[in-house]
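There are two complexes below, and they share chain A, which is joined by chain B in the first and by chain C in the second.
Coming up: the complex of A and B.
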């Protein structure tokens, strides 16, 4: 059974390397946010100086709040609109339905650079221009297909007899949706919401096109800061974001375990 | 509680006539089976009665009230689906409570009614479970409790026992019948299982290609089928085809088969005679018949022993006839043996050619 043991060891090594590949850069960045040297120099000396100066960096903080605000509004908007659209596509037959469904996928594949340019031209053309509102509109447009795809996939596993059973018991359309259909698609809605949040919060390209100097998001602000000259404050803000988003992901994973159907 | 009247109902899907001018009267408090092969329109008919789908023409009334354009949620019906369709996100009790809850009943009323319904289906203690923690038979009972707790005017069952294994199905047949008697609700039951239709229902409607072929009590349909289809779909039948002689037929080889009194047809037209396999006596005695006026000679080609009875396949003039003999301890006939088949005219049904 020596071969089994060797295979097992190789397996462990593989997992270890994979995790290292994924997390090593992040861990180094997090460590460096607590290092005195701004140029990644060793030996490591503990400091919270960069966090303190981050606290003073109003521009970075304002951009962080902008990003969060836009991400939350994008998530809520695209989840509501996307779920409603998925339900409509699931329930009703109408002219052009196939075309509409087919047209939902390409935006996911079109490079954001091109989408961003198109949005910039369009928003200028219709008078919306640039700024936070334009960014928000852009993000919702980017996130919507993701929500629809994820929620629709979940709806494919829904048994239509459940809605029929609810109706036969006297439930109207609203009661059927809220009490039978929504609980079933909720994991899809939450997953779609996570996608939407990630698309918005991570968004650089489209935000870059649509932001103005005063009105910008965190990724764009970080990019601008790096161009001016790298500061460990970027490490600090990135570390905070990573901790918060990982906590969110873990919470969601827990929720899925309890809220799932089995 | 209420009777259901279906009058001249047709439903067309594209070029396909799913229901073709169907008229049935479902009596108040009766247990009615709609029997037919798949694609016969039985489920389509049930969905028209439920209100999931509306007929293209014809009328449907429940308790005298016209409902053919009333949507399902306003028809006050109870329905049990083939796959039960229990809400997976709710406990058993919440599933049963659903119909009362959407109606806005008070919590105390709901609790009492749900408990009563669960008692009726003998699941009183399982209210807190989730559907996926139940066995198939238990899910079936929950689905039934959920359908009847709202006191619907009619109970519709769409192949409700199809997903259960044989032994459980027989238990549930008895159980379903008991509950139906207890609450006295008009029940319409869709099935493709002829045995289920025979054992459970007061009346059976046989459907084929969207049409009602025959309708009546199980005994009447079994003993007096009006078509070859009804004769062979509900139970087994030996079919002889020939020319009418008035109250019987003459086979192409000249043999006469006499049918019982009653239906007579104009002589000279084509007709068939149906005989149930268990009505035929099989033997080797070629002597004169004693009352069993019909007699045919043949040869046993196969015998299938099933414990309480044996089925003989008898070859005769290119036709294979089926004879079922109870195991009475009498000598069994061997394959290849020449035999004589006898049966009475009363066991023979004359059917006009269609």
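Coming up: the complex of A and C.
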């Protein structure tokens, strides 16, 4: 039918417009980070000056290292704790299990503004205070539910008979886990880890409330710089961040189908 | 969440506990205890730190209800949440439909990934990128004036529309994702049956497609509305002085004014509003899951 073909063409065009809306600002920001004019004036003249001056900015570099360190520790911690919890939720039946599963959603659903300010109050009250350790505590808690949800989703595809078979062949609990279960759920574990890294590395709100001037992360440093006034240097570092975080999620998509694609 | 307790109650809680305890202890220390502490502190006159005197009070909540400012700002934030959610439905739903029912195969997979990719990238940086587009002498201004025969001044930066644009840009992938999931599950034969029985395209959309994809719409709406009501960074960067909302006032209590108990009370009121919204949406959400 002709109408159908016209409607389908319009649909494709529409998706194209949506993608333009989603990506144009990012592309423009990236282009401007290579533009000579510090006030983003056209015509465009190529330079890498802003990237070069990034290396002179000790504050940004220190914040970048903090962000990376926290993201790596968050990833490792939440993957280990989260996978263990997912295994327990998969293997065993007990009272209150549904409550435990339901408890994973408040950390995801409650706005980070509320979680962040609550952490600030509590950490101050118990003497942990602010700083990198507090940020790490917070990031792991934010990442854990994502890891558990992703690993649990992978476990749903695991046949429990495999564990039974290994056990009947004489494997102990540890051997069953390491040799049979873990290899099967590995894509889920890797995807969960990448999610955890992204949650931590891109986290702004919670880090913002838990930072102190010397102990801060890259997004918090960028926010402070934006509020002081835009600079092409911030453009440059923002471009690097967005490229890294998108590359990370493309990698994640190799291990985890976001949308239940068949 | 589907619960498929695979190996039925082999040994229950005692075996599960060592595996569960670390994760849930961590969540308790860093999420659940802080949220409880926030409720507790919201009833105090001052933080009980360094020996400062403090007492229990309802004053922080009284401040919310007696000073019209906070209520006005909460309403402004709820309105912002509503507007952003509506725009996300208007923009996201058709896109989800095209993805689920028009595109096929590898191109569908690739475009779907492209749509949701920004959502998982850095939100702060994406908001910041709009500053370059919207400001006077920015890209939008330059581009429009190059095309149009007359001179117009586009300076959307630091305005309410700028905040809306930034937030819709941030959250529309969520709506596409949730609607796509429910739309994809609709059997094409249902649509064909409706058409062959004489229903027009519009009737099929109204009677079959929209009702069946309602859970996705509601899920998307809840997942967008809640964080937008609590947003503060987006209005700060794109709204400037016009960007004062409930979230920015909470931020101020903690980083500028240092009235933490009032901040805690304001946060808790927001949490209560959020929980009511999630509770209202949850029957539909559960049906979707």
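Criterion: the second predicted complex is superposed on the first by the 227 of 262 C-alpha atoms of A that agree within 3 Å, B and C clash if a C-alpha of one lies under 4 Å from a C-alpha of the other, contacts with A are read in each partner's own complex, and residues count from 1 in each chain.
Convention: a contact is a pair of C-beta atoms (placed from the backbone, for glycine too) under 8 Å apart; a residue touches a chain by one contact, two chains touch by 3 or more.
Owing to the predicted nature of the structure, the values given are computational and were not obtained by experimental measurement.
**Q** Evaluate whether chain B and chain C can sit on chain A together after superposition, giving fit or clash.
**A** Chain B/chain C on chain A - fit side by side.
**Q** Would you mind checking which one, chain B or chain C, touches more residues on chain A?
**A** Larger number of chain A residues touched: C.
**Q** What is the contact status of A:110 with respect to chain B (first) and chain C (second): first, second, both, or neither?
**A** A:110 contacts chain C only, not chain B.
**Q** Mind working out whether A:231 is in touch with chain B, chain C, both or neither, as first, second, both or neither?
**A** Touch status of A:231: no partner.
**Q** Scan A:101 for contacts with chain B and chain C and give back first, second, both or neither.
**A** Second partner only.
**Q** Is A:53 touching anything from chain B or chain C once the two structures are fitted on A? First, second, both or neither.
**A** Touch partners of A:53: none, neither chain B nor chain C.
**Q** Tell me which partner A:179 touches in the superposition: chain B (first), chain C (second), both or neither.
**A** Only chain B; A:179 stays clear of chain C.
**Q** Once you lay one complex on the other using chain A, what is the shortest C-alpha distance from chain B to chain C, in Å?
**A** Taking the overlay as described at the top, chain B lies 8 Å from chain C at its nearest C-alpha.
**Q** Across the two complexes, find the residues of chain A that touch chain B and also touch chain C.
**A** 164, 261
**Q** So in the complex, the part of chain A that touches chain C is made up of which residues?
**A** The touching residues are 8, 11-12, 14-15, 18-19, 21-26, 28-29, 32, 39-42, 81-82, 84-85, 87-98, 100-101, 103, 106-107, 109-115, 117-125, 137-138, 140-141, 144-145, 148, 152, 156, 158, 160, 163-164, 198, 202, 204-205, 208-209, 219, 222-223, 226-227, 230, 234-235, 238, 241-242, 245-246, 249-250, 252-253, 258-261.
**Q** For the complex, give me every residue of chain A touching chain B.
**A** 159, 161-162, 164-172, 175, 179-180, 183-184, 261-262
**Q** Show which residues of chain C lie in contact with chain A when the two form their complex.
**A** Touching chain A: residues 1-13, 15-17, 19-20, 22-24, 26-27, 29-35, 37-38, 41, 47-49, 91, 94-95, 97-99, 102-103, 109, 111-118, 120-126, 128-133, 135, 137-139, 142, 169, 172-173, 176-177, 180-181, 184, 223, 226-227, 229-233, 236-237, 247, 250-251, 254-255, 260, 263-264, 267, 270-271, 274, 278 of chain C.
**Q** What residues on chain B touch chain A, complex-wise?
**A** Going through chain B, the ones touching chain A are 50, 52, 71-74, 76-79, 81, 83, 85-89, 98-99, 102-103, 132, 146-147, 150, 156.
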